[in-house]
Amino acid sequence: MNWVNAVIHGILLGGVYALLATGLSLMFGVMRIINLAHGSLALLGAYLAFLLTEHAGVSTYFALIAVLPIALLFGYVLQVTMLERSLRAGELVPLLTTFGLLIVIANLLQYFFSPDVHSLPSGSIGSASWRVSSTITIPWFDVLILGVAIFVLVGLQLLLTRTQLGRELRATAADAETAELVGVNARGVYARATAIAVATAALAGVFYAMRSAFDPFAGPSQLIYAFEAVVIGGVGSLWGTLLGGIVLGVAQTVGAQIDVQYFALAGHLVFLAVLVVRAVAAGGLRRLSFSRTVTA
Amino acid sequence: MTLPTSAGVQRWSTVSAGFTAALAGLIVLLGFAPYLFGENALNNLIQLYFLVMLAIMWNALAGYGGLVSVGQQAFIGIGAYAVVYLSVQHSLNPYLAMLIATLFGGLVSIPLASIVLWLRGGAFAIGMWVVAEVFAILISLDASLGGGTGTSAVLAFNLRYTPEQRLRYTYWAAFVAAAALLVILFLLLRSRLGASLQAIRDDEEAAASLGVRVLLGKCVLFVLAGLGCTAAGTVILAWQLSIPPLGPDSIFGINWSAKMIFMVLVGGLGTFEGPILGAIVLYLLQTYVSSAGVWYGVMLGAIAILVALFLPRGLWGTVQERFNLRLLPVGYRVKGPS
Amino acid sequence: MTLLRVEAIDARHGLLQAVRDVSLDVEEGETLALVGANGAGKTTLLRTIAGSHRPAGGRIVFDGADVTRVRAHKRVRMGIALVPEGRRLFPRLTVEENLLVASAARRKGPWDVEAVLEVFPLLRPLRGARAASLSGGEQQATAIGRALMTNPRLLLLDEVSLGLAPVVVERVYASLAELAERGTTIVLVEQDIGRALAVSTRVVCMLEGRLVLEGPAREVTREQVTGAYFGLARTAGAAG
């Protein structure tokens, strides 16, 4: 039983989740959209990088640099063409749109790439690790991912707090109608938010693909962990997403230490516990009664 | 100023009265289906019935209660596994097991409600998904239930019934379950609770300020949806006899939620007739297009996207709005002076 | 010159007709007071002019251009700014950030953060404070400042005195008077008839969605406005 190793790995795993969850958090925080296709978009990024590494012979990291601007553009177009309309049509309609997107992407990927499993080369750092002691080993690649996740989060945080776009984003997220009344183009803001979200998804996808194998249907599998990270950390908070990812990762690795089969279960139980405790604390005892009448 | 005498509130209109009568006739006809139709038709109808059950239950939660659940597959799985457990391990008659399993699912939903109904919006949606995963994992940890590699109730059925009998009885079980849920939902919506449920969906705060018992309404819907989805799970088990191993096509899989979202949103969220229409659409796609492999999925996704973009109220929702048509009298109509 | 022309506007709130066939002109530089009881349609009219409400019929012409189909944020860039009812600041943004968001309008003019703080010096120490923590008067000042940041040609104010202490209202109106002096065209919705008459050059009154009175503030008497406000001027025998 090595708890320290487990906790360290859990923290690193948290970084992986946080990277994937960032885009989800952004879209839900700003637009209240639950993007069911987020995992699929990450996967698209991985496949795109795959194409570049296989056919252009470049390193994965170089491919990543090429993938990002494409992902930004894709996200922008996605919002402007599909999600914007869905959002205006109703709160639940984006669920349908993103679900449709998920299925279309998965099936098209299968058609073009076959159901084979692939993996992206991660270079020498991919297999290197730091043997701290006889019981503690830290894989450098996961440290890299955590670093990237923190870098992205810091970047986004700076964007949100120091730039005009960031202010417009926060204002639109708080009150889109009033934001329009002071001159903010809400639709343009949304489009840029989605662009960023899809770009971070693609980034996460490429790193995931370097870390483990992927196939056309790998999209939704990690999605639940990403969602858990967002919700644990508190919707709308970027740092919360990192914290949520870490809480989840540690819960999972510690659970796995107790019994390998408890990996996911431990994470889920911690998720539910955090949620309920928070909801009860926020809602207070007011909701315990079956009848709700307004107090003066 | 006097009110014109021809104004008033009505529940039934000639159209809805006529349609309800026709529907009742259809239901009677379908009850006799095993005597009228062949094996193929019965199999197809069973599939349609469980899709309808899932659709109307998801709509009850999301369309009437404002509760978007991405985890109703929790109950589908409970239903299926409970039937296996009762009929295989405890040698209960499988159809009796289906009934008990359904009640069990409803029972489970009560304490579950006390946990999850604290959650709102996205937290509730994802929370339910996580609950489904927890159930799946807990069951997979039980070796007697197959340990996640799947299990089946083949023996429980085939030792007692011939394939023709199984088909017939399963058909009736599915038929009764689906019809019962439709009737319960219909009566619920026409009741006082039903009106308050629609108020809750439209504006929870306002409804609460009028004395509407918000939490009670949501509880009722949640338990009903639990019962209904469990029943659907038992039907699915009775029909396919085996439970696949954990994975994307799992009985606890997110695919079920995806299907429910599709059926309800394509059919028309918040309408009574919409989910049924959506179930029919999905059923037709499944039956006639699924052989196209990859293109089935693409078509499914494309329809979802197109409906979301151009008919956001769903097929039925759009028709209802356009023609002010209500086939089933679940609402009230205010009739002004002509 | 006529800065704003409202032509036969019909606006609905769900199924209710909130504004019926309202037409009015606003000259550049004048201060128009729009009075009327709750539910008379004043807020809906202002929102229609600003672009956050779509009229069922009629036209809005601003500075010669038909803006009826133009989205709200574009109207802001053309020079229309609305201080909405209830202020509606962005609660988790600071005062300064609330002001800076409005520079999205990208209009040239004398207004910037410093200028706003000069008109509302009470905000100076609160620059970094979250909008949600401000008092009513401070919020109102910020909301007006935020609208000013867009360098508007037409400033619409919806019930700026609502929920504020009389002293604070005095200060707000003093700054409005200053704005009017600088040449900003103002349309303000106000429940307090006396104040409305005092600060404006022209007054209109709405009742049940229609305009029932219109005239220069100096000529219209308080009694006339009150009568129009309550619908007392209508002939007897009409349907109640």
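As written, the chain order gives the labels A, B and C, with residue 1 at the start of each chain.
One rule holds in what follows: a contact is a pair of C-beta atoms (placed from the backbone, for glycine too) under 8 Å apart; a residue touches a chain by one contact, two chains touch by 3 or more.
Remember, predicted model here, so these are calculated numbers, not experimental data.
Novice: Please state which pair of chains has more C-beta contact pairs than any other pair.
Specialist: A-B
Novice: Taking mean CA positions as centres, which chain lies farthest from chain A?
Specialist: C
Novice: Please compute the C-alpha centroid of chain A, do the same for chain B, then give the distance between them in whole Å.
Specialist: Here chain A and chain B have centroids separated by 31 Å.
Novice: Just how far, in Å, is the C-alpha centre of chain C from the one of chain A?
Specialist: 43
Novice: Chain B to chain C: how many Å between their CA centres?
Specialist: 50
Novice: What does chain C use to touch chain A in their complex?
Specialist: Residue positions touching the partner: 50-52, 71-73, 76-77, 81-82, 84, 88, 90-93, 97-98, 100-107, 146-147, 149-150.
Novice: Which part of chain B faces chain A closely enough to touch in the complex?
Specialist: Listed in rising order, the residues are 62, 68, 115, 118-123, 125-127, 129-131, 133-134, 137-138, 140-141, 208-209, 211-216, 248, 254, 258, 261-262, 265-266, 269, 294-298, 300-305, 307-309, 312-313.
Novice: Report the residues of chain A in contact with chain C in the complex, numbered from low to high.
Specialist: Residues 164, 167-168, 170-171, 174-175, 177-186.
Novice: Looking at the complex, which residues from chain A come into contact with chain B?
Specialist: Touch residues, chain A against chain B: 28, 32, 34, 36, 82, 85-86, 89-90, 92-97, 99-108, 110-111, 217, 220, 224, 227-228, 231, 235, 261, 264-265, 268-269, 271-272, 275-276, 279-280, 283, 287, 289-294.
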